[in-house]
Amino acid sequence: MDAEGPPRLTRELVAMRVAQELPPGSVVNLGVGLPTLVGAFMPPDAGILLQAENGILGYGGFSNEAFDPDLINAGGQPVRLNPGASFFDSTASFAMVRGGHIDVAVLGGLQVSERGDLANWSVPERGGGSIGGAMDLATGARQLIVAMEHTTKTGAARIVRKCAYPLTARRCVDLIVTDLAVVEVVAAGLTLREIAPGWTPEAVAALTEAPLTVAADVREIAL
Amino acid sequence: MTATVYRTPDEALDGIVDGARVMVGGFVSAGTPSNLILALKRRGTRDITLIANNIGFGDKLDELCEGRQVTRAIATFAVRASSARESHFEAQYRRGEVELELVPQGTFAERIRAGGAGIGGFLTRTGAGTQVAAGKETVTWAGEEWLLERPLRADVALLKAHRADRLGNLSYRLAGQNFNPVMATAADLVIAEVEEIVETGAIAPEAVDTPAVYIDRLVRCDPLEVRWDGR
Amino acid sequence: MTATVYRTPDEALDGIVDGARVMVGGFVSAGTPSNLILALKRRGTRDITLIANNIGFGDKLDELCEGRQVTRAIATFAVRASSARESHFEAQYRRGEVELELVPQGTFAERIRAGGAGIGGFLTRTGAGTQVAAGKETVTWAGEEWLLERPLRADVALLKAHRADRLGNLSYRLAGQNFNPVMATAADLVIAEVEEIVETGAIAPEAVDTPAVYIDRLVRCDPLEVRWDGR
Amino acid sequence: MDAEGPPRLTRELVAMRVAQELPPGSVVNLGVGLPTLVGAFMPPDAGILLQAENGILGYGGFSNEAFDPDLINAGGQPVRLNPGASFFDSTASFAMVRGGHIDVAVLGGLQVSERGDLANWSVPERGGGSIGGAMDLATGARQLIVAMEHTTKTGAARIVRKCAYPLTARRCVDLIVTDLAVVEVVAAGLTLREIAPGWTPEAVAALTEAPLTVAADVREIAL
């Protein structure tokens, strides 16, 4: 239990919750960092195809075999292939991304605004950050889930009225899954759908800068 | 024109001059022409504009920066958000000693494709409303906002493929394609490092990924062990 | 989503409605989905906008025109300069009964690619200063005149590949690719006729030409003998 | 000998003359009609790679084997493959054409103007014509050779001041090879370089609407 309330979900539990969102048979791209963990929690027979923007469709979990430099995901990690996998070059990969052929992208986040803007690539005061495939994925995926911690290490809200950090894309986020809550982005703003065990909607709202509408059927995150 | 086979990666770089715009294929460890990169380091070519997906993430490109050979970079990831352990490139970037144009990865690939395919520009929604849009023409069409992105070409492209035939046809293995096939189309001089050179005709026509028309020079090298430790 | 395998080409066309925009892959005899075209004829779908490289040059598409099922066509060759022997399409075109948008072949391919790749338009020098430029935005850049060409999509794409696995991965043989891989990306419903359907995993990952993500329906058919006699 | 002068070159001889223009190792696209004949006259060891815009690099002569519908050139004719051939789709093929990777294209012509405009796809009074790959080839190839008859069947000049037929591309033609002459398009206009045996520059000029500058070293076409 931290200073601010009951225990928060671990990164693995956030990843498990995200995995529940992936429809059977869907084509999914998992960003680097926390989203990568989602791959470990996908239902085995759901026929979900993982796309890596460096040019793989249909990779599986991480490989424990001898490292093959030519068989990595977009985070540089060695991966296995599932039956039916295919390889292609970067132009074909981003044609797939940009053209709306990825059903769900899961990206990490620094900030999400009340209208679904995402900032996830740069912290200006640290003088850096890189874009990689994030802007194309945020723009091109049919559904975008952001998986992130609800607050910064210093306790500042990451779900904000307006992103202070440089944007990845505007109005792109559909669902936010944090270590405290599941928040849906709808036309009217943000709806609080689920909360971590032991937390109240009020306690979550207190750590959220953007206004949250509490869903009538708000419930505890179930895994 | 049939590709010319060179004995060493150093000889294969003959003619590259200071100030060259150099595209380098590869994605982190996959399909990265490490032997050619190290040969470019040994060559000491300076004032390079480096066009590569990543710099300092399991590639050897940061070694070029170590020797201050790179003046300007066009890349999709080159600077970490956190600065726990800086690459030479990052340190120089933060000190303002090297110029960086960060490009979204899909736009990066597509700009190079445009450069090789005779396309004078294209419209993408990627980057609209972000820093990437700065200085670019923005158009509204079909109810969306689009950026006009321009083609990207280079003087030289350094590529890595798995096999080549003597004519210059290339085939890649696994996820080794990434930016190599498209960069092959978008530079005036295209040099490929391969693990094996076979007789013309030994690569089945359906298995050719990069047709011979795009390749000027070949050099056979054992691949260098390259791995990103994730930091 | 895993592709659905249909028993007959007729069943594979389920749901195609009058007024549909239909892309058809193939180049003359190569990679042409003749079984699906004849099923579309039997289906009697009317008011079709047909998007195909060629109509009436060794393909079965003219049979659709025979039954006046096609109202509008977007093609690169469909009308001969000489009218010694007219196709049904040509006769209807010359009588003003069918509309034709003639597109340069490279622009045709690239517009379909744009439609599938989320590109809102692109600049090409092809067609500048010709009839093709009529009604299009023209821009001058880098000392040249460029046409802004727009993406092309369809409701349905009918394709031909050599092999498919059950997941929907396709591989083509010889020059059978042509417009099939790009049309696979640019339609809401994509139906492929193949000579063989194998178990998922039986096509090597490097040999997949069209990844499964693009394919909705598969049907196995013996290829129909199709040949253009050159007239 | 026709009504207007000594015999003209046959289509095969025009094709032979065009073949002489192809540099060793060059990448060449041959259009339908007369240009297709050029393939039969290429020096065997020159390493010329023929590109067919339907997706082949490195095809050889026509095939006499059983017809394979998937192995045709852009004119629909069955072809053989040379060692080192490759296949690709139409987007890759026209990236090659548009991007300047074809060294020489040989196209048929209806009219060529004094500034090198080409009209080769439509005869409006016949109500038809198709573009195919001609506009991309005329625009994208590094060098464009037009192979055509010097006059129409009714004796009208095909080398004109200004094309009356719909254009294929502007200022694209580098060399015109006809059954009477070899004419180079230069900045100043048209230069008559070679003439068919038995013909005089004056006789060729009389069948040419556009002004011809006779080269100082004008000579007989040698095959």
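Letters are used for the chains, namely A, B, C and D, taken in the order the chains are written, and counting of residues starts over at 1 for each.
Throughout what follows, contacts are C-beta pairs under 8 Å (C-beta built on N, C-alpha and C of every residue); 3 or more make two chains touch, one makes a residue touch a chain.
In this text the structure is predicted, and so the values were computed from the model without any measurement.
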- Task: Can you give the shortest number of steps from chain A to chain C, where adjacent chains in the path must touch?
- Result: 1
- Query: If you tally the C-beta contacts for C-D and for B-D, which one comes out higher?
  - Reply: C-D
- chain C-chain D separation of Cα centroids, rounded to whole Å: 29
- Note on the structure: The distance between the C-alpha centres of chain A and chain D, rounded to whole Å, is 56
- State, to the nearest whole Å, the distance from the C-alpha centre of chain B to the C-alpha centre of chain D. 37
- Message: I'd like the Å distance between the centres of chain B and chain C, where a centre is the mean of that chain's Cα atoms.
- Response: 33
- Message: Can you list every residue of chain A that touches 2 or more other chains, as numbers and ranges?
- Response: 87-88, 94, 97-98, 139-140
- Query: Which residues of chain B are in contact with two or more other chains?
  - Reply: 110, 113, 117-119, 124-125, 172-174, 205-206
- Task: With chains as vertices and touches as edges, which is it: line, ring, star, complete or other?
- Result: other
- Task: Pull out all the chain pairs that touch, please.
- Result: A-B, A-C, B-C, B-D, C-D
- Over in the complex, which chain A residues touch chain C? Could you list them? 25-27, 47, 49, 51, 57-58, 81, 83-88, 94-101, 139-140
- The residues of chain C that touch chain D in their complex are 27-32, 53, 57-58, 75-83, 90, 93-94, 102-110, 112-113, 124-132, 162, 172-182, 209, 223, 225-228, 230
- Message: Residue numbers of chain B touching chain C in their complex, please.
- Response: 110, 114, 117-125, 139, 141-142, 144, 146, 171-174, 205-207
- Item | List of chain A residues in touch with chain B within their complex | 52-56, 67-72, 74-77, 87-91, 93-94, 97-98, 121-123, 126-136, 139-140, 166-170
- Query: Which positions of chain B touch chain D when the two form their complex?
  - Reply: 1-2, 113, 116-119, 165, 167, 169, 185-186, 200-201, 205-206, 208, 211-214
